[in-house]
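Some notes on the structure that comes next.
Should a chain be cited, it is by its letter among A, B, C and D, assigned in written order, with residues numbered from 1 in that chain.
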Amino acid sequence: MRKTWLKDYIIKRLFYAVIIAWGILTITFIMVRVGPSSPADKYLANLAARGEEPAQVIEAIEARYGLDKPLHEQYISYVGNLARGDWGWSFSTSMPVTELIKTHWIYSFQLILLSTILAALVGILIGIYSAVRQYSKTDYIATFFSFIGISIPNFWLGVMLILLFAVQLGLFKTYYDTAVPLFSLANLKQLILPVVTLGTGMMAGYTRYTRSAMLDNLRKDFVRTARAKGLPETTVIGKHVFRNAVLPLVTIIMFDLGSIVFGGAYLTEIIFGIPGLGRISFNAIFADDYAVVVAVTLISAFLVLLINLATDIAYAYLDPRIRYD
Amino acid sequence: MEKAILSVKELKTYFFTRRGIVRAVDNVSFELVKGECLCLVGESGCGKTVTALSILRLVDSPPGRIVGGEIFYDGTDLTKCSAERLRHIRGKEIAMIFQDAQSALNPVFTIGDQIVEQIKLHLKVSRRGAKNRAINLLKEVGIPSPEAAAGYYPHQLSGGMRQRAMIAMGLSCNPRLLIADEPTTAVDVTIKAQIIDIFRQLKESRKMSLIFITHELGIVSEIGDRIVVMYAGRVAETSLVSELLKNPKHPYTSGLIKCLPDITQEKERLESIPGTVPSLDNLPGGCLFHPRCSRAMAICRQQQPPPVNVKRGHTVFCHLY
Amino acid sequence: MTKKGIKQLAGKVGGIKNLILIPLATLWLLTLLLDIFFVERIFSPLGYLYLALGIVVLLYVVWPLYTSRRLVQYYWQRVKRNRLAVLGLGFILFLILLAIFGPLFTPDPTAANFEGKNMPPVGFSSEESIYNAGTGQFITKATSGSWEHPLGTDNKGRDLLAMIVSGAGVSLQVGLLATGIAVALGTLIGVVSAYLGGKVDNILMRFTDIMMTFPFFLLLVFIIFIFGPSLAFIVLVIGLTGWTGVARLIRSETLSLRTREFILAAKALGASDGRIILAHLVPNVVSLIVVIATLSIPGVILAEAALSFIGLGDPAVTSWGMILRAGQQSLDITWWVAVVPGVMLFLTVLAFNFVGDGLRDAFDPRSSV
Amino acid sequence: MKRVLYILLLVVIYWYVSAFSLLLFHSPSVVSQPKQEAPPPAKEAGGVFISGTSAGDAETLNWILAADSASLSYAGHTVDPLVTYDNEWRLQLRTAARDVEVSEDGLVYTVTIRDDLRWSDGSKVTAEDYAYTLESLMFSDWLNYPYKSDWQEEVGGETVFVTPQVVDETTFTITRQTVYPEFIYTVRNLVPYPKYIAVKYEGDVEAFTQAPEFNNLTYTGNLGPYKFKEWLRNDKFVVERNPDYYLGKDSGAPYFAQYIVKLFGTSATAHAALEAGDITYTGIDPDKVSKFKKMEWINVYTVPTTGYLFLAYNLRDNGWEGLKIKEVRQALSLAVSKELIIEQVLYGFGEPAFSFIPKVSPWYVAEGVAQYGVKPLLDEEKAKELLLNAGYDKPVKLTLVTNAGNDERENIGYLVKERLSAIGIEVELKFVPWATLLRKYLMNKTLGTDEEARYNNGVGAVSEEPWDLMVMGFSTNPLSPSGQDVFYSTTGGLNFFGYSNTQVDELFRKAKSAEALDEGARKELYAELSRLISEEQPVDFLAFQLANAGFQKNVRGIEPGINMGYNYHLWYFE
């Protein structure tokens, strides 16, 4: 089916995304730079030990990174560089920001991707099942556990899992070992606990969304029609009902993908010592490394915008009734 | 008389709700003779649709359940046969057309796909073959530029077109029996006529057996051979259409007929049956119609009327006879 | 002033409620300004949030619910059918009572006592062997829980129960206040945007989009880190960043209401926009608001806990997240310090989820999650 | 269930596919090293030594830019200083051929380096490199070397740099105009930058900051036991055995194939990793020591540190005026038991402190130092009496601040509160975030002026928030305690509590002057200083902490002590 209007829509949205991104960039930049804290805070102990005059050291450092220049000058030069594709130099890690992100994003990505896929698959399967068997024992159990799943604080869950499986039972390493090659079974193994930690909540959520979305459609007339055609029950549920129920699910999963990087994933990364984007960006915050902070905020914002767009497009194809303008 | 293609015997379909048991269909029996058109007639909520759904075991359960009776379709009792067997009958042998195509068609698949799906399910044909067949069907039911229409989604079609598509889907595996559940209620008058025509043609051309559910005796007189008048989940009167329209026996039936606007003679106002259909979860004792019956007697309050054969093939459930 | 006069006035400002709201709000604002510029601390920052929330809730949630008592009863009947919801409600009430009256019966949660540190909960016993660097000897001291400290003590000898109690207070405060702010803001923006439509709608929704594209938790940590953690501030930030979802939901709900007969009727009768919004639209989304609020409280509570967990909590108060942070440092010695607050956090969130779910089913049986 | 398993399998496959497709974009931050065959070492070298830490990551390997200790220690694995010390402060020659020689007048420092030092390109490391590092890098305006003040001296009221002078290929001198006996310790720590690379970036701080050679330590040649391999930020710093290490020629040192610094989010996870045998070494929190002592596969060494905890008295105008009186300060110190703190808070891992000079320092003197806080100078009655004499008979209320989240300091706070209540002083505890503590409590400025807040803006200045007591911890350099004047001299840059005593200032000045040239004289000066300080009680010195190092049992060659790591290139796995 032809969707010529979609092209214009996408262009409009992309243009609009750029505007938003710029706004966010500015806000973030200002916030970082006007913040009272200084990169030199954490040197104090070291300076004291060496019997140094803190004032001199701090001035030296700020002068080196041009932090002593007036704010607007810093902003202009930063945006200028950004426009030229130079994302700046992260002085808290001594690396180009782009390099830094390129090195670390995969650690978050593998975690998030794996958790999301597993959570979605298992959650949706359970959800469908308990919707079809509404009010059965299985349904009640599934519902109850999904409640537990969405209510359990994942950072707590993570700590408990480590205590039980890594320390007590010694089944896993107590931390994520980056020496293990990314694409190896060993890596999959050491990702199990983090994925469970991050995935539980999502899975529970998806279970409940799927269930209710399925229930909304199970009693619709077209289901009866499908049965009247003589379709086997699996086709009726799996094709006719699910295809209608999938729409809200797409939104939610997409939204999670966008929002999780600096939420649940970050806590998981801290607990399991995964050097992902989350940890990088939060350490950057604590180090007043504005180049990184602005960059990651920008990236995640863009991520969300793109994902929203992707969702809309997906909608346009999944639900023929929808039309944007 | 010729052998029946479908015979329903003392069908009981109840709904078990929180507020109690609803006897949606109670002791309904009728027979459909091959190539004939049987009309189920009655006010809305009298159990016509449920009867039809029961035939294909499409009643949602819970809460609905067929609690008794048999439905014989050439030799097999549809109420008891295996789900497997039933699936082969559904859509292939017995097809059903639903009231409101708007909601009865799946909004996220194209008309073509929905028809093709059914064809491929039951007939050994290639995808292309199925597609052509679907397009022909669409043409047959009078959809202009059927190729394009096949690519449309339900919401892109007008009400009438949708209903036609629905019919096309029903016909797709040319079933021996077609059940049409008020196919004309959701469309406006002009379309209604055209759709009725389609059915009439079908009957002539394909010699297809038809169960036509409606509340309009007008339509019945047009295409019906045999009629079953239902009231509050029970059969009130059953007979040949011509016969019944001439001399209705059951007070309810005659009531219905009086309600028909008759252009030939002037009347101040349309007549109507006083009162309403009782709610199915607390039915009156005895004859269900007695509270509204002008000729009700003492006995009507006490016991249900037994079937009375007033004439060959004309049965009425009333104490008057 | 005559009844009629009041009615007219009310009509002008859009409903008798506003007639009450406006003076109250002004009063509130005046005290706040007074507090900021002239005198110190009439109320604490949290106090102001409480007052504001109280006024709004009273006028736009309690009042409407009260005026339609029968409806409420009807809903209550339906909620009651959902056992889990009732259970959750019970737990929340218990928690509130705990937070209010608990401190009267528990010792000061900040009172350290190094003699009685690392005491296990009642019914448990722990054996701790301390290495004495002076003598080079191990001193094994076996302790078992006593009713003096029902939940045991932490590595400072603070009574865990007392800490949990104060933590309950913190979690509830954050949960209710932040959600209150978020929902109030969201509702206002949602309703206004939907009702006025056109340019206003466009601008407001774009703004919502921008807010939504900010990585919520990153933003939170960021702001808290820069401007320093204080409970009131945390509440404020969570509230001011968390309204977007609410706004969207309310908006879509209002859009469907906008064309309903009674609104059109009100318009036809020449009621002012303000009046229509506050007197007709808002009351009709109250049920939705209640549901959204209950369902978004867990997220807020968890956010605060997460903040404290990564060390950005308000050090001046004992929150569950903070206890958890301390506890997970010494899981092997004093497991209870990590387990108890975790469980409490879990149960609280669970309870709110149950209730929210029950309410939603009650208000709108066939709505999706 | 079969279906589910099947789907899980699909997931895994899907993941791999997507992951591999990512490999195309993904470039790990590994620096490709020229492959060179290692000569077979005398002692069997092998194994990976993993040292776990929950401290923060380094900021840069371009150490000359760094102000944080982690950066310096990271780089330290690949380049040796001139001279280091063992646990008894005996000299250990590294890149120096013999110890730094000081002229009679104490102004000229002569350094002779080994002649077998090589940069990675094989070129000799010469005195020229050292001189260059000093003159053109550390002393330059464009680079902003954070610690330039180490190399500066006050001459006629203005600050000038010392003058390095190349004598020959392996010898250079550093000439001061003023005598500063402890300058030698600075000189001994000197580490060179390769001139042949540095000249490329000279004058351009941005280019220098981003120079790949410096950020990947590709130049270090045979200067250190290890060569840089990989640095994954916030995760691990990996160096591998340097086969050409100048000290390893005959001994074959170092004996670890790799040395890894592994970063952990919390000390708890680091402990767990040590217990599980996932790492070789980590520092152990005092309360966990007994647990690890019991594990037969772990060695726990208790070693002294230079860190000390103290209770600062706010002597500025926004503190309790009583604190300005020496007797009152003594009274407070009389009431706070150091043994109790050590036992309760440090689990016995501490030494009572009476001045900023630790037992391990060569300048430590015990006699004559007033030992407040231990019997007999632990006496509440006497404390009350002192307070009374000072005219404080009514109970007072003081605020004690420290940084939240630091368990040790918080606990000390609780203890102090408890002890002081015994002498009628009520203490209110205030735990604030580190940044807040620095901004609102440590930094100070004279009210009404628009000077920017510093840690010491002179006697008149006050902090933004008032406070009376503060639990703090800093560390001292046992070799040159005179550096502590940043705290205790009137103009000291970290003298945030506003202590001012001309005698003390004078003693510090002397300790840094010609009068201290003779070590005996210097020892006497320090003895005097510690006596005075312990009498004055500008702060209540609480305790020098003892650290606990947990190693896997199979590590050999460790000499527990204050400089435990001095011979770590000789450690090996059994």
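Quick note on the criterion: a residue touches a chain if its C-beta (ideal position, glycine included) is under 8 Å from a C-beta of that chain, and two chains touch if they have at least 3 such contacts.
In this text, all values refer to a predicted model and were calculated from it rather than measured experimentally.
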Between subunit B and subunit D, the fewest steps along chains that touch one another: 2
Between the pairs A-D and C-D, the one where more C-beta pairs touch: A-D
By mean Cα position, the chain sitting nearest the middle: A
Where subunit A and subunit D are represented by their mean Cα positions, the distance between them in whole Å: 38
For subunit C paired with subunit D, centre-to-centre distance based on mean C-alpha positions, whole Å: 44
Centre-of-Cα separation between subunit B and subunit A, whole angstrom: 54
Whole-Å separation of chain centres (CA-atom averages), subunit A against subunit C: 25
Shared-contact residues (touching 2 or more other chains) in subunit D: 435
Where subunit C touches two or more other chains at once, by residue number: 225, 328, 331-332
Complete list of chain pairs which touch one another: A-B, A-C, A-D, C-D
In the complex, subunit C residues that touch subunit A: 84, 206, 209-210, 212-219, 221-223, 225-227, 298, 302, 305-306, 309-310, 324, 328, 331-332, 335, 338-339, 342, 345-347, 349-350, 353-354, 357, 366, 368-369
Contact set on subunit A toward subunit C in their complex: 16, 20, 23-24, 28, 31-32, 35-37, 147-148, 150-153, 155-156, 159-160, 163, 167, 208-209, 212-213, 216, 248, 259, 261-263, 266-267, 270, 281-282, 285-286, 293, 296-297, 300-301, 304-305
Subunit C-facing residues of subunit D, complex: 266-268, 271, 287-291, 293-294, 302, 344-345, 347-350, 404-405, 407, 410-411, 414-415, 418, 429-433, 435-436, 546
Residues of subunit A touching subunit D in the complex: 36-37, 40-57, 60-61, 63-64, 89, 91-96, 99-100, 102-104, 106, 109-110, 113-114, 117-118, 121-122, 125, 162, 166-167, 170, 173-175, 177-179, 182-183, 188, 270-271, 273, 275, 279-280, 283, 287
Complex contacts: residues of subunit D adjacent to subunit A: 4, 7-8, 11-12, 14-16, 18-20, 22-23, 25-29, 56-57, 59-62, 65, 67-69, 143-150, 205-206, 209-210, 215, 232-236, 262-265, 269, 272-273, 275-276, 278, 306, 434-435, 438-439, 454-455, 473-477, 480, 482-487, 493-494
